[in-house]
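Lettered A, B, C, D and E in written order, each chain numbered from 1.
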Amino acid sequence: MHMRRNILKYVGAGLVVSSSLAFASISQAADMPGVTDTEIKIGNIAPYSGPASAYSTIAKTISAYFDKVNEEGGINGRKVNFLSYDDGYSPPKAVEQARKLVESDEALLIFQSLGTPSNSAIEKYMNMKKVPQLLVATGATKFGDPENFPWTMGWQPNYQSEGIIYGRWIAAEMPDAKIAVMYQNDDFGKDLLNGLKTGLGDKADMVIAEASYEVAEPVVDSQVVKLKASGADVFISFSTPKFAAQGIKKAHEIGWDATQIVANVSNSVGAVLTPAGLEASEGLISTAYLKDMQDPQWADDQGVKDWNAFMDKYYADGDKLSSFTTYGYSVAQTMVHILEQAGDDLTRENVLKQAASMKDVTLPLFLPGMSMNTSDTDYFPIEQMQLMKFNGERWENFGEIISGEVGGN
Amino acid sequence: MQANTTSAPPQLAVHDVIVRFGGIVALDGIAFELHKGQILGLIGPNGAGKTTLFNCLSRLYTPASGDILYDGTSVLSKRPHEMPAVGIGRSFQNVALFQRMTVRDNIRVGAHAASRSDFFSDALHLPWVRRQEAEVDATVSELIDYLDLGDVADLPVDGLPFGTRKRVEIARALAAKPGVLLLDEPAGGLNHDEVGELGRLIRSIRDDRGVTVLLVEHHMGLVMSISDKVVVLSFGRKIAEGTPAEVQQNPDVIAAYLGGPAE
Amino acid sequence: MSVNTTTTDGSQAATGSAGSVKAVSLPKPAAASSNAKIMRTAGIVLLIMGLAAPFMAGNFLIFQLTMMLIYGIAILGLNILTGINGQFSLGHGAFYAVGAYTAAIMMDQFGVGYLWTLPVAGIICFIVGFLFGLPALRLEGVYLALATFALAVVTPQLFKLSPFEHWTSGVMGIVISKPEAPFGLPLNPDQWLYFLTLAIGLLAYVCARNLVASRTGRALMAIRDNPIAAGSMGVNTALFKSLAFGVSALYTGVAGALGAIVVQYISPDSFTFTLSVALVVGLVVGGVGWLPGALFGGAFIMFVPNIAEELSKGLSGAVYGAIMILMMYAIPTGLGGLLKAALTALSKRSKTR
Amino acid sequence: MSMLLEVTGLHASYGDFRVLHGLDFTVEKGGISTLLGANGAGKTTTLRALCGMIKRTGTIRFEGNDISGKATEDIVRLGVAHVPEGRGTFTGLTTEENLQCGAMTRRSRAEIARDLEQAYHWFPRLRERRNQQAGTLSGGEQQMLAIARALMLRPRLMLLDEPSFGLAPLIVQEMFSILRKVNQEEQVSMLIVEQNAGVVLELADNAFVLETGDIVMSGTAAEVRDNETIRAAYLGY
Amino acid sequence: MELLAQQLITGIATGGIYACMALAVVMIYQAIHHLNFAQGEMAMFSTFIAWQMLAWGVPYWLVIPLTVALSFVGGVAIERLVIRPLGDAPVLSHIVVFIGLFAIINSLAGFIWDFTIKPFPSPFGEGSQFGGLISNHQIGMIAVTMAVLVMLFLFFQYTRVGLAMRAAAENPASARLVGIRVGWMIALGWGMASAIGAIAGILIAPIVFLEPNMMLSILLYGFAGAVLGGLTSPTGAVFGGFMVGIIENLAGTYIPEIGGELKLPIALFLIVTVLVFKPTGLFGRTVVQRV
């Protein structure tokens, strides 16, 4: 397995190098689908309907952000035409929408298509068509594989690195801990769990109990009760917001006095901790790369103020409590950055090249000290996170900014 | 045409059949015999158990005890859908046709037990299936003529008058070429003329087609005019058995059922 | 005795139980032959359009048309079960999924050629459907609807199960390569898959038609209309109902396998209960019991959501729902029912002439 | 004698099929009329048209009010009880609940209780089955239930569609004597469709003969009974 | 052993949610003999209305009766405006309309209130019993469910309207013939189902948090509970709801390895098994139809 991957890597790297050389010459031909002198067509696929429709907030925020960009003159004079289609979180529909964007609308690229299944479904097609599939909205590790899929790139820290960070931290700080993990039974939960075990290294047997849940379940009380019964003193919840909130609340109710960790996607003060109860959330540990808007410590931060102004003006009915809005805001800024870097050479090849050559790019909502870096072999823009602890009122960052190191090598 | 001699074994024999529903005894030791070529009238007050007995004969119910023999062989091990193959066909009290199918298709279903096919051959419409279909169609056409259903043969039965539907039901039962035909109140809802016609039809079915008939009916005129033998049930028991004339004179029957001189 | 076709008997209508499936029966008698001619002409025109389409349309549209045909095949299978045999299923997405996974696993794990996966998917789905049909025998109406709905909900979870992960790749799903046209045919893969699907769809349709017009089909319809009477006529209702489930699942399973090949990717999320619900919607819109309706049902579930999305993104669900409801007002018995009414009117006019 | 029900020019159709082609007939206050006719003549349709179960045109006057545009339940509330073909049993309800449904439009609990007793008195079979699910009753028992349920309405007019259907001769006699009693003691008028022409012509005051949607003969029951053709077709002597 | 007791109690608490929904399911089934797939969404929408009123500062004790009343009116309105025009269209057409309603309500709620989860305050306050295994809210919820159950039972069994509703659902044609206004009975059924749904929603939201998709799976469990107990029996539905909760939790806890993943499949499998042996559910009556 390892052997094969290495070989593939070399072959793949060779291909990328040779093809990027080829691009350089072609790009002069100004073959720029989706781009005119006044417009850049950007495609997007998001679940506006169906069970995952909560995530559509991200696409709505992005759309609002491009409105702002357009109003302020666009990118190098070109307005962004943001075509966002609904796939209802269904892979076959995602394929249809991707083909529509590429073949019918002739978009320059697809940006922030959401969900591991949907992105998996279109990944092969996008690479065959050589259309960038940029900054996809999933933390699955597979979307940082430039050897095999040079046209597909992620954005957020991948789930596995996040898991590793928790594992390392527990192994170092609480070597005698007994860990119980509740995880969502999909790639997100499983990647985090695997990362955790990797991070724990040879102490992986510290995990004494695991309980998965399905997104279709109404409540996770049973899982929490079961995990408490294992006698664990660390409770890790690799869950999406609703279930994380339920977990925190239930653990508090049954008086489980454990160190609790929640995944980054579920650490929003407004959308998770408040519903779960701030008292119940005290002492919670998580990681972050973006500032939490509800966190009073950022009240005077310029980036946060700008964000607030943006929300008020361009996305007034958006939910400021939702971390999806900050996420969408930041990822849209990243996209704008890449397009700006590409200048007037808006060929697919050049845009991809720009995406794959970010150097210490930072964003207003990043935690201080964080930046994005990519290269031909590193397709994980954000690899840094910082641990933090909730004091009953706000998150307190602690420790160093940590780099996960799954991708890139 | 009179009933066969006693030397031949009965075509249908009911031995001490008992049926219970919960605590209620619906049939309490019913026994009678039906010989080939006979028409037997089964009468009795409402709720006497006539339809229950029919349902036993067509194996929709299983008696708690007793036996039912067809040509000397017990049919109790058979399942309902095997009864046409055994030789017992039936009509239903309230007419149980296939509403959305045409008259012709209804009768074709009647021939189901008399033909063979499988999903695969049918889906591919294999030659032997076609040949068989032709045979079935011939039988069905003959029955349509026999029962004078030509005008309505290709209409869905849903909109047909009650009397017509009763004839369709008889045609459907005949399509299986039964040895014994169970008719459940075939005269219900028919006027005098039509009842007369029905009587002639039932006789003809017996005489021309050699079908033995077991008839449940409240129309005394019909029962008494065509039956060779009449069995009277009341509250799940057999209270009388004999020729129409004998039964009509039976005081028990008069008290329980006929109520004064019959029409 | 003169026959008056007009008097209707009320007893059946009055006692009709809530669980019964009303189906469209197309007009028969008198003008049947002229109606048949109209239908045949329409069919031929449609077929010619279907053959020409891939040379006129872009690949994206061809892909959509292929998916439409695939859904049509699945709905055809559902129609055999629901329209012809009268059994509800809100869980046909499960059979679609089984077909898709069968094809994907065979291609991914064993390198089997895609064409071979289709019959295998059909057979496996037949078996699964038949086996599911056995307990389903005991259930009627809403109870059956719910049992099948449960099947639809559970199936994607089963494909995620860790013990099967080696085969199914769990939540990550399986990526499949798109087949090229064989024999050096001058077709691109999209066109080739379209024609392949069209051919299979035609075969499926012809078989379904034959089946309906046969002894088997009559037995199935007899069970739908009156199971007890059907039994008394010698129809082994248990066997036929289970077989109907099996055959129906076979159709849907083949559609699933085709769907996997065309979409080139499957995962548990591809086959949530919304797929089953969509198939039912397609069935009803096309016309329960009317076989060609499957094509229109397929078109509805393929294209109407896109139209709804065009109309309003934020409220696309609401628009789609509203279109569905309006369709039911306009044609409560589906397109088949509408056609029936139209043809009846037509034949009456020709009769009076 | 004044008319309780006056029907003029009654047309009705099922979908596109015209079934009734302009019927005229009456039921006297306190009287009994009967509709005779072959299968498919439109007898059942006439009853259904009268109480608004199918689309119809023409004038239907009940106690002088035109009810031809009214909905079934409103007609029933005026005091018209219909014993339908096929009995219309609420199969999942008990026998007694079925009977109580019959009195749904009435207020006085005491009267209802008394009428319930009366119904059981007339049909003792129903008392035995009072807590049984009505669907488990035999065909004839359900027919009794249907008639008893109609009586629970305390109707002024009863429309009876083949009340003797599936009943044993003894019960038929009893049932008709009950109908006669109800008619005489409580002045309930009736319109009866019945194949058993002999019995019904004895009970009825007037008779109308229906053939494929048209009334071809009408008169007093005695007149109709004495008609040669009728005797041959309906009475058999 | 302790874990068993804990899971049993948790199962009862969770089952209370299902029981609550199952009751609403049975209610509509009694009224129209259909299963309304949009019922969960209607309940969700009602809960959002309650939430909105609370957000506007309307006091809690006023919000509940207002919401229930509004939901009743809403249910009647949906029947009159959406369902009634369908007339006697086939069952499957009704199902498609229910699916359409589902899509409309879900989409509308998301459009108005967004998809982020919202905390919903409990009418019974915070706090819990049995070492936190069952919160005061859940106890209150179970009590309310029981109370509604008793009221429904009395309504259907001992009132004339209840009898009229059952008759109308069972045989509309005959019901008209005894003077029952079938159309209004159906509308009333929708209203009551919607009102009970609103109560269910308000009781469930504090536990699962309020969001447009909150009822998606709960409705399924509600169906499962109702079917297990028998669609004709409110008592059965409540019992069935609790059973589903308990079975699911025990399966998830005690079946090693795949137990957690198979919670729902096992619960549904058991239900189908029950149905195979008792096709009308544990408490359901078989309606005998004579041949």
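Methods note: a contact is a pair of C-beta atoms (placed from the backbone, for glycine too) under 8 Å apart; a residue touches a chain by one contact, two chains touch by 3 or more.
None of these values were measured; they are calculated from a predicted model.
Under the contact definition, chain C and chain D share the contacting chains B, E.
Relative to chain E, the most remote chain by averaged C-alpha coordinates is B.
Greatest centre-to-centre distance from chain C is found for D, with centres as Cα means. Work out the mean CA point of chain D and of chain E, and you get 42 Å between them.
Our note on geometry: chain B versus chain D, Cα centroid distance of 30 Å, whole angstroms.
Chain A and chain C have CA centres that are 39 Å apart.
Spacing of chain A relative to chain D, judged by their CA centroids, is 75 angstrom. Counting partner chains per residue, chain D shows two or more touched chains at residues 14, 17, 38-40, 53, 84, 86, 88-89, 91, 136-139.
The multi-chain contact residues of chain A, meaning those touching 2 or more other chains, are 49, 51, 185, 214, 216.
Contact with two or more other chains is made by residues 1, 3-12, 14-15, 23, 153, 157, 160, 228, 314, 316-317, 320 of chain C. In the complex of the two chains, the chain C residues touching chain B come out as 1, 3-9, 11-12, 23, 25, 28-29, 32, 207-208, 210-211, 214-219, 221-222, 224-226, 228-237, 243, 247, 289. Residues 2-3, 6-7, 10-11, 13-14, 17, 103, 106-107, 110, 114-119, 128, 131-133, 135, 204, 207-209, 211-214, 216-218, 220-221, 248-249, 252-253, 260-261, 263-264 of chain E are the ones touching chain A in the complex.
Here chain E touches chain D in the complex through residues 160, 163-164, 166-167, 170-171, 173-182, 232, 285, 287-290, going by the rule given at the top. Residues of chain B touching chain D in their complex: 21, 43-48, 51, 93-94, 159, 161-164, 185, 188-194, 196, 218, 220-221, 256-260, 262-263.
Listing the residues of chain D that touch chain B in their complex gives 14, 17, 36-40, 86, 125, 136-141, 143-144, 162, 165-174, 195, 197-198, 233-236.
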